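The structures come next, written out as structure tokens.
Each of the next two complexes has chain A plus one more chain, namely chain B in the first and chain C in the second.
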Partner chain A sequence: MKLINGILLLVLLAVARPGMTALTIEITKGMEGAIPIAVVPFGWSGKGAAAPENIAAIISSDLSRSGRFETLPDRDLVSHPTDASQVQYHNWRMLNVDNLVIGQIRETGPQQYSVEFQLFDVFRTKRLIGYSFPARQSELRRVAHHISDLIYEQLTGEKGAFNTQIAYITTTGNGTKKTYTLLVADSDGFNPQTILTSSQPLMSPAWSSDGNEVAYVTFEQKTAEIYIQHVATGSRRKVASFPGINGAPAWSPDGTRIALTLSRDGNPEIYLMTLANKSLKRLTNSPAIDTEPVWTPDGRSLVFTSDRGGSPQLYEVSAGGGQAKRLTFDGSYNAGADISPDGRKIAMVHGEKGAYRIAVHDRETGLLRVLTDGKLDESPSFSPNGSMIIYATDAGNRGVLAAVSVDGRFRQRLSLQAGNVREPVWSPFGRQ
Partner chain B sequence: MWKIIRENPRAVLYAVLMHLVLLVLLVFSLDWTPKISRPAGVKVPIEAKLIDQRQLESVEEKKKEEQRKREAERKAVEEKKKAEAERKRKAEAEAKRKAEAEAKRKAEAEAKRKAEVKRKTEAEAKRKAEAEAAQRREAELALQQQLAAEQAERDQGVVAEYTAYIQDKIQQNWLKPAGSPEGLSCTVQVSLIPGGDVARVQIVRSSGDPLFDRSVETAVHKASPMPLPKDAAMFKYFRELRLIFKPR
Partner chain C sequence: MKYQLNRLFALALAALLAGCSTTGDTPTGEEAAVEDRGSGAEGVAASGAAGAGAFAGAALDDPNSPLARRVIYFEYDSSEIMAEDQDMVAAHAAYLASNPNQTITLEGHGDERGSREYNIGLGDRRAQSVRRVFELQGVSPQQINIVSYGEEKPAAEGHSEAAWRLNRRVEIVYAGY
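Moving on, here comes the complex of A and B:
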């Protein structure tokens, strides 16, 4: 009513003195949704009928997956400009797309390419950015993800996280002939690289803060041990092989320590290990199971899962030790935390009425929001820009990779991986 | 009859005498001339034929005497008549003069009165006409004002209606950037061309957030053409819009 009065008053003013003052209109509401964007297939000049990678499709897929963009289907493209001079803004305006991406791939030598792209603002009729990148064939996908990042940052103001990687475990085979594999793939699930294969279980991969190394739990020696492996070179070192459980490694933000779960004192507790000298500091002390530690971005405290209250719930404890404080109260099962890069949100597996879903707890409001609707979703991990969460979801008795935008609006399964996928973890920005 | 004679012997005598005279006159006149209408003894000499000199002389004498007498009488009468006539003429002249003067005075007074009446009538008519004209003007003005007020009221209603349409269309086309800080506000000045197409968008007050500003500009362009009233006269209200983007 107030608003209506306001409008009426403004209208009265405007009518009273036409020409003197512009009609004033307040816009108080907007739409929340994806930015419409068209990514035109890139032009190709080189041998063969087509470029070795469909760069536009990769970009399109990246942008859609983020939940922040709605890409125009190829069949709706009114024209296929590859050059700024061919861009006719009104055509794209009619399709109501805010932005337009065009580009070209040129073969510059054997296995050598040049990829250039330009991003246009259709309604303001401006070119926003344009870059050219040299690339070997194996780097084309990465270049595409990098372009996605540039577009994403230009249009959302947030850093893009497409040119990052995910590590995860798969199991193939069955019965006694099972194979466990640790893989690292692009953020869209493509280009998987095997880091380690074992006939014994592999668990709990964790990225170093610089993104060059992965810590994981392996049962290669029939008992749980924690290794740290350099992703590019494959070299690795054993960091924990204590009696009992050696599990759930988590790198400190400064990269000097790992938090881990050990049961060497009889009961699973959270410890901190200084990597330089492998010295240990016990952080929790309860008769219950304390596990799955993660560091807050400032490195001052850790969040972990404990069933000390009767059911698995999240607790927070200072990195210097002391009393743990319970964080979650909704539902009978909240476990497997990951903290957003800005420290404001905690993702977890939220179990209620027999369904396990990914939920996000807002640390400021204390509200819990369920983002997924699977039956057995697990292992949430924030993208390094905090906009998305990758997780594993059950698809007919096997796990597959899936990603959900932090607002829960966009959810998508990633490219189908072989085997049963578990425990995906998103790399930090560092690895590029 | 006798009684009258006895009472008036003189009168009887005179009457007898008069009769005799008349009888004589009658006898003579028979001989004179049948022209009775001709005045006796003025121009035509009377020729006596059958009368002897004496007789004639005495008659003549008598006649002369009588003539003189008559003449005198006639003169007297004439004089009297003349005087009378003169008097009468004078009186008449005087009366006429008086009458004329009176008439003139009256005419002048009448003319004056008439002129006065005319002047008054005319003045009255003029005053009346002027008053009527003024009244008409006033009424017309009032009518015009009323019409203008009614038009303004109608305009106002239409402007309010279309303000709501425009607001709605822009809001439908405004993609608020996700994750932009709260409390941002951006004001743009928008120029429309008839038909509602956006000719120009100018940020007059930036939110300080480039993404927010860009979303605002895009929203305005996307809402083009703006819904406008069909009546082209209404365009004046919509030529320039000031849009305040202020999410609540």
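Moving on, here comes the complex of A and C:
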């Protein structure tokens, strides 16, 4: 009976549900010094009046969302070249556009397309890059994000993170009739795919380092348990179901272990579990709350939250165990850390004067910088290229997602049309 | 059957211990039966089971009994049981101590501020604080399950102290009730 209940409570979906609410993006804080760029609507040759996806619009949205680019509005486009021979550089120079993106989409067969793009330097009057990609219809958005990544890397020198995904949790309904949903979407919030729903809370999604799996906490049996689910197939396995807290899973960079919080020995402590044999090693030993472990990129140590000093602060401990060292000293509340991919920055929830905001601690200078101005900001997660942090914030009694550039100069909000959105986690690069 | 009688006896005892103020509203016959029970030996339990049962049933369901209150509220970032809740917590402890077969779940909760897994820790700490009081008053550890929901199951929606104070809580959930 318990099993049947479990099945009733739970709907596992490995495929997309089309027509679901999508995240929409609005920019809340601009950035000066952005690179001016024009993205011309792509040419179309195939059946029907227009291509199935507006590739240029997706690229344009990606680039402006990064905060590094200022895209020319469509109405200001002086011409609509779709081929290199049609590009007249002086027209674009007059608009003070540094760079120009053009392209074409061709239907090559049933549901089969070819997407071609070229990037020009308007002032040096030369083509910088150009590629052609075959794609099925369902892959067109991803091709657009991939093109955005190529443009971003060419012009900024940093790897782009548009063709990645985010996992997050939503709640819908009220009181005892709540539905908790774990979703995976493209990094721009489109293409949301439900991978788990439950009438009981779901928490703390964490990507595996190869991006193929997500660990999470579920209360579907009215007690906390940690599962690992394969994102593409939906198959899942239980990895932790000890008495008390089973929480805060975090994958080691090599993917062989997870750090997690267990209270089986009396109070919340951090453990390392070797996934191959589920063996446990206890890492912390204090009567305080020790939780929210995250690995440094080299896998040698972990940063976690502890209130052993009287208030929640971040500490670091070697993955081999030993004495923990306190990292944060600014303010009375620093919790929920995420470490940048280069290991140099630690994002956290920073509480001060009744407001909880996202702050970044620079490991070299030791300085703390507050990046957001909400009251209930939480769950920071770095993009895999380290340029942005996605987080959860409150917007008019509703949880929404937002992203901020690591320097704090650019902020954007991703708002879902229904439900409360929380706990976003950005996938690693590997996720395809 | 033996379990049933024991349980009814214990319920009656708990009601007597915890719910004295309600006896004034009950018919004199029932009141007398309970008084017999309180002062009597074990044999009395068997003879008066039916009458005691009727009264005891009210102990967990009677809105005037301290046992009817099953939510303990806490200050911000605190797991200390406040003075006004101590009698109610003691009444539950007495009931459970005399009902060793009755199990409960202590559900720990927190308000929405700050990070979610740390709030799971705070909810756990509140539930552990209630557990310790229960065990000191004779409740067996085997009777107590603990689950912390952190901020995931708020009792009140909203982003002000008015809602938060209702969400920083431990709920005593009796198995079977």
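Throughout what follows, the second predicted complex is superposed on the first by the 398 of 432 C-alpha atoms of A that agree within 3 Å, B and C clash if a C-alpha of one lies under 4 Å from a C-alpha of the other, contacts with A are read in each partner's own complex, and residues count from 1 in each chain.
Everything that follows uses one rule, which is that contacts are C-beta pairs under 8 Å (C-beta built on N, C-alpha and C of every residue); 3 or more make two chains touch, one makes a residue touch a chain.
The shown structure was predicted, so the numbers you read here are calculated from the model rather than taken from an experiment.
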{"item": "Contacts of A:96 with chain B and chain C, given as first, second, both or neither", "value": "first"}
{"item": "Partner chain(s) touched by A:368 [first = chain B, second = chain C, both, neither]", "value": "neither"}
{"item": "Partner chain(s) touched by A:312 [first = chain B, second = chain C, both, neither]", "value": "second"}
{"item": "Touched partner set for A:33, first chain B, second chain C, both or neither", "value": "first"}
{"item": "Contacts of A:203 with chain B and chain C, given as first, second, both or neither", "value": "second"}
{"item": "Touched partner set for A:68, first chain B, second chain C, both or neither", "value": "first"}
{"item": "Touching partner for A:349 - first (chain B), second (chain C), both, neither", "value": "second"}
{"item": "Touched partner set for A:407, first chain B, second chain C, both or neither", "value": "first"}
{"item": "First (chain B), second (chain C), both or neither touched by A:156", "value": "first"}
{"item": "Chain A positions touched by chain B in one structure and by chain C in the second", "value": "none"}
{"item": "Residue numbers on chain A that touch chain C, as the complex places them", "value": "174, 178, 201, 203-204, 219, 222-224, 243-245, 247-248, 261, 263, 267-268, 289, 291-292, 305, 307, 312, 333, 335-336, 349, 351, 356, 375-376, 378-379, 394, 397, 422-423"}
{"item": "Interface residues, chain C side, partner chain A - complex", "value": "105, 112-118, 120-122, 124-125, 128, 145-150, 152-153, 157-159"}
{"item": "Partner chain B, residues of chain A touching it in the complex", "value": "7-8, 10-12, 14-15, 18-19, 21-33, 35, 68, 93, 96, 98, 121, 123-124, 155-158, 407"}
{"item": "Residues of chain B touching chain A in the complex", "value": "152, 155-156, 159-160, 163-164, 166-167, 170-180, 189, 209-211, 214-215, 217-219, 221-222, 236-248"}
